[in-house]
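Letters are used for the chains, namely A, B, C and D, taken in the order the chains are written, and counting of residues starts over at 1 for each.
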Amino acid sequence: MIKHLPALLIVIPLLAAIITPIIGRIHWVLSWYTVTITTFISFVISLSLLQTVLLQGDISYWMGGWQPPWGIEYAIDNLNVYVMIIVSFMALAGAIYSKNNINVEIDEARKPFFYSVYLLFVTGLMGMVVTGDIFNIYVFLEITSLSGYALIAIGKKRQALVGAYNYLIMGTIGATFFLLGIGYLYLMTGTLNIADLAARLPEFYQTKAIFTAFTFLVVGLCIKLALFPMHFWMPNVYTHAPSAVSAVMAATGAKVAAYAIIRVMFTVFEPEFYTLAPFNIQPILLILAVAAILAGSIMALAQTDIKKMLAYSSVGQIGYIVLGISLMSVNGMIGSLIHLLNHAMMKGALFFVVGAVVYRTGLTSIENFRGLGKKMPLSMAAFTIAALSMTGVPLTVGFVSKWYLAVASIEIGMWWLVPVILLSSLLTAIYFWRIIDAVWFKPALGEESHGHEHDDHQKPKSNDAPASMLIPTLTVAMLCLVFGVFAYAPVSLAEKAAVILLK
Amino acid sequence: MIDVAIPLFLVVCGIAVLLVKDLMSSIMIFSVYSLLIAIEWVRLNAIDVAITEAAVGAGISTVLFMIILSRTKSVEECKKSISIPALLVAVGVAGVLLYGSVDLPNLRDPNIAPSTHVSPYYLENAYKQTGQENAVAAILASYRGYDTLGETTVVATAAFCLILLLRGRRHTNKDLKKYEDTSINKCTVKGVGIKPTKTSPPGSEQDKDIIKKTVTKFLMPFIQLFGLYVIVHGELGPGGGFQGGVVLGVSIIVYSLVFGFKEAQQRMSVKAKDLLVSSGVLIYGGIGVLALFFGGNYLQYNVLLPDPKFASIIGILGIEIGVGITVAAVMITLFYETVRIDANG
Amino acid sequence: MEIIESARPVYAILVSLLAVVFIGISGKYPNLREMWTMLAAVLKFGLVVSMLPIILAGKVIEYHVTTVLPGLDIAFRVDSLGMTLALTASFLWIITSVYAIGYMRSLDEHAQTRFFMCFALALSAVMGAAFSANVFTLFVFYEIITVTTFGLVAHEETSEAIKGARRYLTYLMGTSIFFFLPAMFLTYNYAGTLDFASQGILAGKASYTIISIIFVLYIAGIAKAGMMPFHAWLPSAMVAPTPVSALLHAVAVVKVGVFTVVRILLFVFGIDLLSEIGLGTYLAYFASFTIITASILALKQDNLKLRLAYSTVSQLSYIVLAVALLTPSGITSSIIHITIHAFGKITLFFVAGAIFVATGKKYISQMDGIGRRMPFTMAAFTVGAFSMIAIPPFGGFVSKWYLILGTVEAHMLPIMVVLVASTLLNAAYFLPIIYSAFFKELPTDEVEGLREAPPMVVVPLVITALGTLTLFFWPSLLLDLARMVVSLVM
Amino acid sequence: MVELLAKYNYWIVIILLTTGLYGVMARQNLIKKIIALNVFQTAVLLFYVSMSKIEGGTAPVLIKGAKQIIYDNPLPQVLMLTAIVVGISTTAVALTFVTLIYREYGTIEEDQILELNKHND
């Protein structure tokens, strides 16, 4: 069975997702167990695949036993096994977290379906990552999109529906663009297999048709990624979706979209394309990335709702990922890849904490965070770590990504990017510090200001989130520190992938 | 000449769909549009696609649109005419497409890459390797069978999403009344469908219509038999799990349209139908897993039995049935759940 | 030079980190909680002292913790320069802890647990900065100090405190993100390493223009050194409780600031490189400007703590000025002044706090005749002030003496004029306080009930005042450490 | 003219696609948007299926024994079967959203919904 691990990686969660509603009829908890165990299995399989890839090189698995390009291939290399680990781990964390958290949004009767759709969402993402067939990416993109729309729409407020609807419209436009791009590629090369495409494309690099194909593929994915200025669907989605969903989406959905862009830009197309293409693509991406970084940070600054703030901050962070891609150098790519991991953990932790706050208080305004440090000390500690990490404080993961992006910018002579990164770090520091400040140094709303009274003995009882929410939150937050200090492990993995991508 | 005319009609319909204010007419035009496009598929020798398009585009989606329309408003309000940003984006996209199509190969050219690179292999080997005479079915179920598993999952996902969203009580918004009578709604032209909850689900009024009932009862086995035939037939000619599944699903939908929702539920309970959604995909995925135990790769049917070709035929038949079950069940789900909506609201 | 691998510097850092945990746990039992603080302070001092003989024997202690990224290590290296700061800070932490306990309890302050936790954290970070083996580690601990002391500055939670703390954070964080970080980044980019080396690491690695840019970025980035125009955080941080002002803004934070400047100038740029480009001279004049301006500003302050704050700004620039001279005596002066100024200034702040505890007074104009009722306190104040002005036999004289020697060695007579002017200004803003405290009459309505603050407040300030005297008569340990630095870098 | 006709279906695709896209973005009515989205998607279907047709080809149902027959390309047809099914699934979910939105807001006009959201915030 070891040989079939690549297939099982997807097939197990896929079939489990299908069975979940049936199992859930007995008791909804069983469906939760199914999801948790399956995502855990996927995580373990990803780790084992990582080992295989590191020791024995890339894996090619032929679905149905058909040799590519005639059949569908699962092609696993350093890059996608790395993304797989991120996705499956965050999916596992999200699954554990959702056990209690989702009580806020739905009743028990529908929970089995929630978990089924959740697992389908994750499976779709993982399917996009491991496949070596570009049309297969589209199919799994649709699985993940459809389930994503529904997951958002179960949010408590009615705005969730509108957010989900708009996301559906934008997502479908994006996916259709992607499909159109595939069509152009197919028309020019006659193949859908990524490796085969990569081999056959170079002779068409200068054609207008291939440039168009590239444009539609990347634009389609950028809509999914929510790259500025195609981000406008995203804040409402993250704001009104259930917190567990926002966390997992921010941590995995955008990452997989970014992965797909990297795949298309550097595996389907090879770096040579960017010198031969009729238009110069790099500056466009670069400008969009910088605009995203600045606009995201500035807009985040203006928000009063914490979830919306995190959403806009994601717009900025996505800018970082694209910035690294657009530099088209090994260090830039390392920066992007490492930021995939880092942002997944940071944003995951932040949304987890926000979810815990919603769970306890039901409110999401920043005002509401005042004095929470005393009530939810552990959650708030996790929040603080993740927030510091977002600003890029050394010894946290955020620093590592920014460091690589800065190194890459200087390396290719774009020194002006360094102030951009710094400025955005500063803005990030400002909008997160507001909250940290309120959490630890302000009395809770409605409470009397202390003045000089002795409150050590009468402080409000700590009422932190339940363990099922705290454990994943703290784990992810701790990882922000662990990978900030021992950054070399993920970086070396990212470096291997980057070198291959840019060879 | 007809090859020129049909696309032109398509364009006309496509534009008309957007221009018509009355949503019901718009949907009808869209239905015509779907039929036209199905005809275009026939013209292009894509029979399988044509059948699916006719069943899905002209059939199921029209029904869905109409059900939804009966629950909401049927008139688009008289708002602004031209959106400049949308126009800019559309023109930009058209520009890129035009730019890209300059050096696209001519259509129908037998020497273009798609016809010379991968597909000849299918045409040459499909029968030998899979026992399918219909190359489309061979690719769908075997060469790219994994895509089809994904696609079946998409369908099942849609069903689960609907159930997740529509079953159980959603909290209703208290402020709704407050805004309903304010100026925002004044723009309504005819006021049709403002109180959508009053319209009953299509079907229930027609309880008394004996002729319809008898005819339906008489036809039902034939439609369903036809559906089964289409599912199984994919091996030889156009047809397959999707098309057959849609037909099967439609038969139940027609039944419930004629006999009413409750009656139909007695024939096929919601629980049983939910189970069917899952079991179809499970059959499909299970056959794939079975192949693993026989030493093949995932979805490698030819290891299932000693004779590879026969094994392949059986395997494909199995998955077509799986697809058929899921698709039929999902089509019914789409109908059931949307019809049930206002019972919960 | 012999290198000893030992984790002892790490233990010195961890002691107070552990204490943070215990303080947090035992928040409900104030006595137990304070015991942890004291225990950690004593242990830490003991650990630092235990390393002293090794350093004095001319060895260094190194410990590599981890490599974050290639070229970015967390590593420690204890040498004579770091030792000076570590000794000063860890010794004064013991004294300040006693004082803080007395002060906080007398005023019945709120959130004392958080206060002592932040305090211990900050001290950990100071140790880390003192023992850093490279710019990256130094930067990390520099930032940790900023964040943890924010909690102390904002302690009061009043709107004024929050505002002051925000400003504090904005200045320190802003400059370090905008200038220090890029400076470090450029250093890494050009030098290929961030490890401190006695002859500097940048020489010959980049053009003079680039090096000058990096230099400016570093100087602007290390706002903790209080150089103008990035000094404004210091006065606004005076909203903090006095023990915080005392330890952190007279000792830990600002001393880490100037320590960083000294460290960077000597061990990143190197004396040869700096004198080659002449950057030292510019910096010296720049520092002189701060010295004079801050002294003039100090004259105008009526709030005692604010006056002390401006005095700190001016005194810090002495240290920067001294090292910028790039001569043996200059460097010696800068190193010993780190300690000497610490003792003097902490005494003065303790006094300000003691007056506040005893009388609730903050303004100099209210302090007429106070010396008669609080003789120990005001005597200590006099000692501290004289040390600041550099009157023998107080510590301040020693460092100023070496500073003057340094200017002579560097042939920079204009600087001498600055020194004289600043000494006069120092006298001008300290002596009137002493005069009115001892020789003016107390306002009659206040005679009742005015007495010394509680012993836990008074004893520490007497000890530090005596320390200032000791440093004049037995400066040998300090001078030895300073000479070792000089011989290392020259 | 021949050149123009040789790419006839491309032009149709472009027109349909642009029309659909414009409709999706410009229309305020949520149902109309979905219809437009369907038009938009079918344009891509047309693009694919058009490329499967070969001059003189027959439908790709293999006829045993006959050697010299030119078949149309079956692959794009397979892909489009998938796309159609994906399309109906998306439409179904979208329509569900519309009904729910109508129940919550009492309207399916986008501008009015935005207005209502503003009131709520």
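Following the convention adopted for this analysis, contacts are C-beta pairs under 8 Å (C-beta built on N, C-alpha and C of every residue); 3 or more make two chains touch, one makes a residue touch a chain.
These figures come from a predicted structure and were not determined experimentally.
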Centrality ranking, top chain (CA atoms only): A
Between chain C and chain A, distance of the C-alpha-averaged centres to the nearest whole Å: 44
CA centroid of chain B to CA centroid of chain C, Å: 74
Chain A-chain D separation of Cα centroids, rounded to whole Å: 28
CA centroid of chain A to CA centroid of chain B, Å: 31
Junction residues of chain C, two or more chains touched: none
Residue numbers of chain D (touch at least two other chains): 17, 21, 51, 75-76, 79, 82, 86, 89-90, 93, 97-98, 100, 104-105, 120
For chain A, residues contacting two or more additional chains: 135, 139, 142, 146, 149-150, 153, 158, 186-187, 192
Chain-level touch network, classified as line, ring, star, complete or other: other
Touching chain combinations (by label order): A-B, A-C, A-D, B-D
Chain A-touching residues of chain B, taken from the complex the two chains share: 96-97, 99-105, 112-119, 121-122, 142-147, 149-151, 153-154, 156-158, 160-161, 163-165, 167-169, 171, 173, 274-275, 278, 281-282, 285-286, 288-289, 292, 296-303
Touch list for chain A against partner chain C, complex: 388, 393-395, 400, 403-404, 406-407, 410, 418-419, 422, 425-426, 429, 433, 437, 440-443, 449-457, 484-488, 491
Residue numbers on chain B that touch chain D, as the complex places them: 3-4, 7-8, 10-11, 14-15, 17-18, 23, 26-27, 30, 33-34, 37, 40-41, 44-49, 52-53, 56-57, 60-61, 64-65, 68-69, 71-73, 76-77, 79-80, 82-83, 85-87, 89-91, 93-94, 97-98, 101, 104, 106-110, 112, 114-115, 118-119, 122-123, 126-127, 133-136, 138-140, 144, 147-148, 150-151, 154-155, 157-158, 161-162, 165-166, 170, 172-173, 175-176, 179-180, 184-185, 196, 236-238, 242, 327, 334, 337-338, 341-342, 345
Chain A residues within the chain B interface of the complex: 1, 4, 7-8, 11, 14-15, 18-19, 21-22, 61-66, 69-72, 106-107, 109-110, 113-114, 116-117, 120, 123, 127, 133, 135-136, 139-140, 142-143, 146-147, 149-150, 153-154, 156, 158, 184, 186-192, 200, 207-209, 211-213, 215-216
In the complex, chain C residues that touch chain A: 27-28, 30, 66-70, 72, 74, 107-114, 136, 139-140, 143, 147, 151, 154, 157-158, 162, 165-166, 169, 173-174, 177-178, 181-182, 185-186, 189
